[in-house]
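Multiple structures follow.
Two complexes are shown next, each including chain A; its partner changes from chain B in the first to chain C in the second.
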Partner chain A sequence: MPAPATLLATTADGHLLVLSIVVPVAGVLLSFVLSERYVRQIALAVMPVGAAIAMAILLALPRGDGFIVYLLGAWSPPLGVALRADGLSAVMLAATAIIICAVGVYAAADSPPAAGSRRVPFAFWVLLMAIWAALNTIFVGGDLFTLYVALELLTFAAVPLVSLEGRADTLRAALRYLLFALVGSVFYLMGTALLYGLYGTLDILLLSHRVSAEPGVLIAAALMTSGLLAKTALFPLHLWLPPAHAGAPAAASAILSGLVVKGSFFILLRLWFDVLLALPGFAAAQILATLGAGAIVVGSIVALRQDRLKLLVAYSTLAQIGYLFLLFPLALDGQGRLDTGPALAGGLIQAISHATAKAAMFMAVGSIYAGLGHDRITGIGGTARALPLSVMTFALAGFALMGLQPGGASLAKELLLLETARTGQWWWAGALQFGGMFTAAYVLLVLVHALSPPDQPVALAARPRRGSDLAALALALCSLLLGLLPWQPYLPIPYALESKLFGVESLVKSLITVLGGTALAILLSPWPHPLVGTMAWKDLARVLGPFRRAGLGLGGLVERGDRVLRQWPVAGICMLAVTVLLAASMFGAD
Partner chain B sequence: MSIATAFEIMLAAVLLGLGIWTIVVRETFSATVGFVAYGLLVALIWVRLDAADVALTEAAIGGGLSGVLLLGAAARLRDAEPMAEAAPGKLLRATAAALSVLTTATLAGTVLLLPDPAPSLAPASVANAWATGLSNPVTNVLMAFRAMDTMLEKVVLVLAIVGVWSLAPDSAWGGRPGPRHRADPYGVLAFLARLLSPVGIVVGIYVFWTGANHPGGAFQGGAILASMWLLATMAGLADAPPVSSRPLRLILVAGSGLFLIVGLAGLLFGAAFLSYAPALAKPLILGIEVAMVLTIATTLGLLLSGAPERSAEPWAP
Partner chain C sequence: MGTVTVFGLCAAAVVGLGLYGVIANPQPLRKIIAFNLLGSGVFLLFGVIGRRGAVAGIGSDPVPQALVITGVVVAFSATALAIALLLRLFDTAGPATLDSDAPTRPRPDRFGG
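Then we have the complex of A and B:
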């Protein structure tokens, strides 16, 4: 980390950080005034500009020693507020720009989005730009309170997206999301207030030099962490996620699932890797990763039992969020402190990989829903022939997500596995492998049903829209090619890794993932296999019978547990319990 | 024990009792009344802590406007009340209570552990007041040192409006928000609205204007103006404008928009984004604040009115 003095003055290109926030904000205000007629044009004009700014930051960063700083109002911290970008911010800014633009193209080609409604397009485009502004503020904000304001901006932009369709169940989902997210905000804000009371500043850089492991900081860390977990929907604080992400229109779901949950996750990374470096992170990191592993198991098993594609993809998000938290214990150094190393890089690449893949998946599922008029998994036979682009998008995004070469997820997995070996925490290697297999299970489950012959000829309710499908496909391809990008200037990645991407070894790994996924899908999914009538299946069923019964029993149990956890009183208790557990573990380690 | 201390202890005890009562009481309506009283007492505590700015905001928002909002919600829910979900079991309640007590106790203990005197930026804020020419340090923090946060908070207000409006049925989009209130034009409410509104408007503008140098400011003033508007609306003397109205939309983005323009002017011609040239600082900040007070008053009023539900045609008596 460079000396603080250099990070406390505006650097060249600093104004780019301001523009990355100001341009989408201006778009929001302008379209609000000019009203429904121009809102789409304004959004489509903001997108290339915003994307250009993100790319400019990406290019400018290596020129400026790997960081860009801007002092707002020329006031230097602690009195003023600074914007700072490092490698993490730059790649997140770029990924966000790409996803927003792809979703924008998808939604723009989908015209008119809801025939007759002026309300839906107006709200959608305004909120899309607002989410962009909020995320950019999160990525470049250098002050914990500015990050809080950005979180509020993000929440207030995300919640109305959930209930755009205006049905009673989506309203209930939106209200659930709003209330739980606000509880998260309050927890984060309480922690921020404690930190200010202790150190008299909320500037991330100044705090990183002042924070020591005293009781107040440990409590603040526990509060802020659990608040952010509630907003990220880490198991068991996920009561709001499945209905919210499954109930929103496809383009909105893509943004909510791909990007919005990454906002609070990014703040969590900032908090632990930039502010709380002096804290004993060992126990907290193990707890976070344990919750993550729980999310992988519960999210995946419940996903395999969903009969609606959108809910399946929403539960997959739950599992993938859990996967992100495996980075915490793997980033520990010899003294049990968190270290900015390959594990952090792996986690961030996984976040980007999931963001691109999941956005593409939701858009593909949206097209399938629009085409068939439903998204029941047992009724999508023949879709591969009727809607080839959508199914291909789903497949490619799924391959990227399950960690096939050369996807971002495979690079992330390599990095994280490398760190399990270095830190000697072999048990997390198991969680990483199982995570990939579970992903393969629900992706293959959908593909098998989509590729199977239909019971009756598929009658399309709406013609596929070429522009929308191509935008989704491009995003899926992005996710699948992430592993080939030059990440080194931005993220701490050992150079030796790239050569290992192609080879027999990686082929074997991919095969194991796919075979494991197939086994899990057969054992845990209750849906009758499309090939159930054939002789080979009958033989297989005889052998697997008892195992499958056990698997389904386990699945039913997990599903029931998930239903209990998603009740308000239980979720509230979980929230407090996680906070207390985090605080107690840090006090124990101190 | 001085009288002041005795008063503070009593205040804290009543506050705690009121808080518990608000949670325990079964009827939504009573809970709301408890909550409003609670908000006013919290405002008193802020006064005792010499945080007059916070006290004003708490009284206006926590006690006043959220009270009106909650009363409206309670009135709408009255018919649905028997359908409320079954209460959670004993074990759940005991666990929740134990965890809440533990969390609260830990928080209280942590607050007692904070360093005294607290490290604070208040002296730095006072010392740098020269840059704006305004002597209320809170206003200086909001409008100069942390102007970015304030600007983004105003964008949050715009999003809140978009969120509330997006709940409208498609047929009513562009129409007037909320129900049309009809009151007896010679009744008590109309009389009160006629009598109170002019006074309230003057008070609101004063609270805003004095914010430059004393406690007060755009948010507190805006909240008072909003409540006067609501009073007139409820008495049937005024009606909410249709949400498609261009002037209305201009007012709703005036605060954040002007802030953004001044900020960009600073980026282009001045020292930095959201910096003010010292000679121009005071008029610029006051200009932004005038726009902000309008925006805040209108936003709060519209947030309380709810989603559009009537056609844009003016109501003929």
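Then we have the complex of A and C:
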């Protein structure tokens, strides 16, 4: 880390950071001034400008020591507020710009301005720009209170997206989301109050030099972490996620699932890897990763048992969020403290890979829903022929997500696996492999159903627009090619990995993932296989029968447990328990 | 026991009450009110921190006041949004609860075929 003095003055390209926030905000304000008729044009004009700013930051970063700083009003911290971008911020800014643009193109092609309701498209475009502004503020915010305000803006923009269609169930989902997220943000605010009381500043850089393992800091860390976990919907604090992400319209779901949960995850990374490096993180990191592993198992098993595609994809998000938290124990150094290394890079690449793939997946499912008029998994036979582009998008996004080469997820998995070997924590290698297999299981399940011949000829209710399909496909391809990008200038990756991506070894690993996924899908999914009735299947069913019954029994139990955990009082108590557990683990280590 | 300590304990008590209300009350409106109580407790905590003077040498620190004002605005917007959602929910669905999930379709036969 460079000396603090260089980071407490505005650098050459500092104005880019201000622009990255101001441009989408200006779009929002302009939309209100110019009313509903021009909102689409404004949003479509803001998008290329915003994307150009993100790319400019990406290019400017290596020129200036890997940091860009802007001091608002030229007041330096602790009194003033700084905006700072490092490599992590730059890649997140770029990924966000790409996803927002793709979703914008999808929505622009998809929703011809309906004569009756102009309010819904208006709300969508305004909220899309508001989410972009909030996310950019999170990525470049330099102090914990700015991050709090940005996090709240993100929630306020995300909640109405859930209930755009105004049905009772989506309104209920939105209210649940809002109230639980608010409790999370109060926890975060309480933590910042404690930190300010101890050190007299909330500037991330100044705090990082002052923080030591005092009791107040440990409590603040526990409070802020569990508050952010509630906003990220890490198991068991996920009560709001499945109904919210499955109920929203496709483009909104893509944003919510792909980007919004990454906002609070990014703040969590900032908190642990920039502010709290001095804390004894060993036990806390193990707890976070254990919850992550729980999320993978529960999210994937419940996803395999959903009868609606959108709910399946929403539960898949739950599992993938868990996957992200596996980075924490792998980032520990020899003394049991967190260290910015390849594990952090791997986690961030995984987050971007999931963001792009999941957004593409939700858009593909949205097209399938619009085409068929329903999204029941048992009724999508023949879709591959009727809606080839949508199914292909789903397949490519799924391949990227399960870690096939050269996707971002495969690069992330490679980095994390190397770190399990370095730190000697082999048990997390198991969790990483299982995570890939579970992902393969629900992706293959959907593909097998979509590729199977239909019971009756597929009658399309509506044909999805070509532009929408292409936007989703481009995003899926993007996710599948992430592993080839040069990440080294931005993320702490000490060695070259490209050679590892295409070896025989990695091919075998992919094969194991796919085979394991097939086995899991057969054992855990209750849906009748499309090939039921053929001789081969009958033979297989005789052999597998007892195993399948056991698997389904287990799945039923997990699903019931998930339903209990998603009740409000249980989730609230879980949140308190996680806070206490995190604090206790750090006090124990101290 | 100094003034600061008394106010600090009050803040803790208000946070506790708010937390209990948010978790235990089933009605959404009461949850919203409890959230406001919880927020007030945290703002009081900020006040205590400002009075105590976090920065060495300053008797009462003005920065926490600025933070609290921002926090109040955020909490106000949050409450307004929550109430708006609640009213819409009441208009569309009648008595508003958070309890039931979206209605689920009947499940098909479990064991294939």
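Assume the second predicted complex is superposed on the first by the 586 of 590 C-alpha atoms of A that agree within 3 Å, B and C clash if a C-alpha of one lies under 4 Å from a C-alpha of the other, contacts with A are read in each partner's own complex, and residues count from 1 in each chain.
Simple rule for what comes next: a contact is a pair of C-beta atoms (placed from the backbone, for glycine too) under 8 Å apart; a residue touches a chain by one contact, two chains touch by 3 or more.
In this text, all values refer to a predicted model and were calculated from it rather than measured experimentally.
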- Is A:Val25 contacted by the first partner chain B, the second partner chain C, both or neither? first
- Does the superposition put A:Leu164 against chain B (first), chain C (second), both, or neither? first
- Item | Touching partner for A:Ala130 - first (chain B), second (chain C), both, neither | first
- Examine A:Ala583 and indicate which partner it touches, taking first as chain B and second as chain C; both and neither are also allowed. first
- Message: Just to be sure I read the superposition right, which of the two partners does A:Pro526 touch: chain B = first, chain C = second, or both, or neither?
- Response: second
- Identify the partner contact of A:Glu152: answer first if only chain B is touched, second if only chain C is, both if each is, neither if none is. both
- Once the structures are superposed on A, label A:Pro569 by its partner contacts, choosing first (chain B), second (chain C), both or neither. both
- Message: In the overlaid three-chain picture, which partner chain does A:Leu189 touch, first (chain B) or second (chain C), both, or neither?
- Response: second
- Message: Looking at A:Gly200, would you say it contacts chain B, chain C, both, or neither? Reply first, second, both or neither.
- Response: both
- Message: Residues of chain A that sit at the chain B interface in one complex and at the chain C interface in the other, please.
- Response: 78-79, 145, 149, 152, 156, 159-160, 163, 166, 171, 190, 197-200, 569, 572-573, 576
- Touching chain A in the complex, chain C uses residues 15, 19, 22-24, 26, 28, 31-32, 35, 38-39, 42, 45-46, 48-49, 52, 54-56, 61, 63-64, 67, 70-71, 74, 77-78, 81-82, 85-86, 88-89, 92-93, 96-103, 105, 107-113
- Message: Looking at the complex, which residues from chain B come into contact with chain A?
- Response: 88, 92-93, 95-96, 99-100, 102-103, 106-107, 110-111, 113-115, 118-121, 124-125, 128, 144-149, 152-153, 155-156, 158-160, 162-163, 165-170, 173-174, 244, 246, 249-250, 252-253, 256-257, 260, 263-264, 266-267, 271-276
- Query: Quick one: in the complex, what on chain A touches chain B?
  - Reply: 10, 15, 18, 22, 25-26, 28-29, 32-33, 35, 70-75, 78-81, 116-120, 123, 126-127, 130, 133, 137, 145-146, 149-150, 152-153, 156-157, 159-160, 163-164, 166, 171, 190, 194, 197-201, 215-216, 219-220, 569-570, 572-573, 576-577, 579-580, 583
- Note on the structure: Within their complex, chain A touches chain C through residues 78-79, 145, 148-149, 152, 156, 159-160, 163, 166-169, 171-176, 178-179, 182-183, 186, 189-190, 192-193, 196-200, 243, 246-247, 307-308, 376, 378, 526-529, 532, 541, 548-549, 552, 556, 566-569, 572-573, 576
